[in-house]
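One chain, chain A, links the two complexes that follow: it is found with chain B in the first and with chain C in the second.
Entry: the complex of A and B
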């Protein structure tokens, strides 16, 4: 007999992880709010960029990983991959919603509008809608295997629009600024200090994503185990004697 | 080769079924005509707004009609265990998808071409000297739309609340396709700007290719009898 309550106990290193990430978040806030130089054109408003861009990047990563874990689930059929996929989807939804909120905060004082139907903004809004759809589908299917498969498929189709989101800003640039960091290494049109700060805030945003993932996957495992036990009839759904119902 | 024949047979089956019942044709033609009319009322007395909005209205009408068409193509197979029989065939499930896709695409593209002059006339928009391009845009746009619509209609075919779920799931995915199609056809009708139309058409074809690969590959995980 294995210890049935083992996954219920939260490992201590998770707490240690958060204790370590906390000061890094404070350092990132200090770097962005105090240490970073003011922008030539935007002044102090450039400080919003550190939060906006890092959150947006991690949001894309989260949606991409949702699809990746979904594809792994389709391939291997392991319940754990479905749990990881769903956990990452929650983060993806949160981070893309935050991207829109941050983008609006940034764009009102700099570009004098909260919103424009630019291709990149539109597709980010669509990404939020796609992730909401992912959870609507999950909620409607009771059979875990079918739920895992269908939501994996929904996640992969959602992620298929990500490359277009990236390219759209290039092809149809309107109000959204062009990228300052080209992935092909051809050029970084950004002050070195600013780039360093941005990379650091991105790393911290990534660590926050990872921390939430670890927590959510642990909870997801417990949920999956409970669901399986209920299907087997091993868990009584009625309260045992002595439990006072209120 | 066998799979290709199966695809054509399934498309033929769906088209034959449609030719006999005319359920989708009647519903989609009237529904899209009503949508065009309602939007014309909404745009009101402003001829400029009508002209610039003509292609947007056309694609909204096509999109709503497309949901009906895609849902109906699976709905008919849910009766009398026809879907079980279809999926029980020793065939890749992707063949079933591609067959249904072909039938849907054909119906929608035909509807789109039919609606072009109607939308032009109703909204007072001159389709312009490059109206031939519009047919190409309708063909590419309806392909992208049908790819997603038939895929998600198959996904929701045996779920609870499928009628309400299908639009919720598919419209976010389809919006980039609609956006590209509206912009491409708007560039033709509004300003006869072939360069701009070509740029949007390129995005549209890109979406078509990506979703053709993704949907065909993933379809076997989606349906369940």
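Entry: the complex of A and C
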């Protein structure tokens, strides 16, 4: 006996994954809110930094991967790449919006303003706008191939701003503080314990991103299959009673 | 396959050129704040206009009059300093030798500020001393 709905069912390990990530999130919250030492200048406000910076980093990764999968779709035209790109884009939009919310929360008590139009903040706002544009474009185009191609280009443009955003405080005069952790290992201007906490919160943020990616890609595959079946006419969409089709 | 490579190379080239142009535009025209020595070099360019001045709060220059909420200090870039007059309480992280960006305009040699933004460094240091776990527990009760 074969069950036709079996491939559509959500695998058990996805639930186990979230059950494992939950306690890690709790540990990250504990490390940031309780275990981390106070900062010599900022005091307890340093605790906001763990949420803000980890979310911002993963947001960058999410937008970067949106563009990468988009570029792969342009390259080889596999529907799966478009599904992955769109899934990552949702997380990219969410994480970059959270970056702005967390940044404003952090910025008011430390820098004395919620917002200012310096290079770093402006580039982040543009990135959020482009990611919103990504979904506007997807909503407007019905043909799946064209939709995938156009939105991939939007994603690549959004990702092109990432290096400027990442190095904005080094390259331009900004209010936003410069980086404390250089990726080339040339220097870390952060207390060791604080760095440890930040890396842990970043790992947890990354696991949350990965979890939602897996969920969304699974749903995206089903959506794509349904869409293809509909265009083939294999699935008849029956309008509910009372709905007049025009 | 050949055509694909052509598109890919052209796409990357366009992105690199666009990136270089964005960088040029941002670096030359997007000056978020002006340094005191830049203002001193050509004050007529900013002639009583609203601007942001960026620098360090000079050592032992801060005075705050609590009765009329007048904050005064010297902002310096190590070359030139200007006196600043600000109406309002100093921000929490405001102190001597800290970076600031102040918004306002010049009246003569005095910068009349209506907004003081703190530009703290990227150095994060733990406070001296171990955490008092008992006190923490008390505070959480």
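Basically, the second predicted complex is superposed on the first by the 233 of 246 C-alpha atoms of A that agree within 3 Å, B and C clash if a C-alpha of one lies under 4 Å from a C-alpha of the other, contacts with A are read in each partner's own complex, and residues count from 1 in each chain.
Everything that follows uses one rule, which is that a contact is a pair of C-beta atoms (placed from the backbone, for glycine too) under 8 Å apart; a residue touches a chain by one contact, two chains touch by 3 or more.
Remember, predicted model here, so these are calculated numbers, not experimental data.
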Evaluate whether chain B and chain C can sit on chain A together after superposition, giving fit or clash.
clash
Based on the superposed arrangement, let me know which partner A:160 touches: chain B (first), chain C (second), both, or neither?
both
Please indicate which partner A:234 is in contact with in the superposed arrangement: first for chain B, second for chain C, both, or neither.
neither
Chain B versus chain C as contact partner of A:14, first or second or both or neither
neither
In the superposed arrangement, which partner chain does A:226 touch: chain B (first), chain C (second), both, or neither?
neither
Check the residue A:193 against both partner chains and state whether it touches chain B (first), chain C (second), both, or neither.
second
Which partner reaches more residues of chain A, chain B or chain C?
C
Tell me the contact category for A:49 with respect to chain B and chain C: first, second, both or neither.
second
Going by the contact rule set out at the top, does A:39 touch chain B (first), chain C (second), both, or neither?
second
Steric overlap of chain C with chain B in the superposed model, located at which of 26-34, 80-88 or 98-106
26-34
Enumerate the residues of chain A that count as touching chain B in its complex and touching chain C in the other.
74, 119, 122, 156, 160-161, 163-164, 171-172
Given the complex with chain C, which residues does chain A contribute to the contact?
34, 37-43, 46, 49, 74-75, 109-113, 116-119, 122, 156, 160-161, 163-164, 169, 171-175, 177-180, 189-191, 193-194
Going by the contact rule set out above, which residues of chain B touch chain A in the complex?
148, 151, 155, 159-161, 165, 168-169, 171-173, 175-176, 179, 199, 203, 206-207, 210-211, 214-215, 218, 221-222, 224
The residues of chain A that touch chain B in their complex are 74, 119, 122-123, 126, 129-130, 133, 136-137, 140-141, 146, 149-150, 152-154, 156-158, 160-161, 163-164, 168, 171-172
For the complex, give me every residue of chain C touching chain A.
4, 7-8, 11, 15, 18-19, 22-23, 26-27, 30-33, 54, 91-94, 101, 115-128, 131, 136
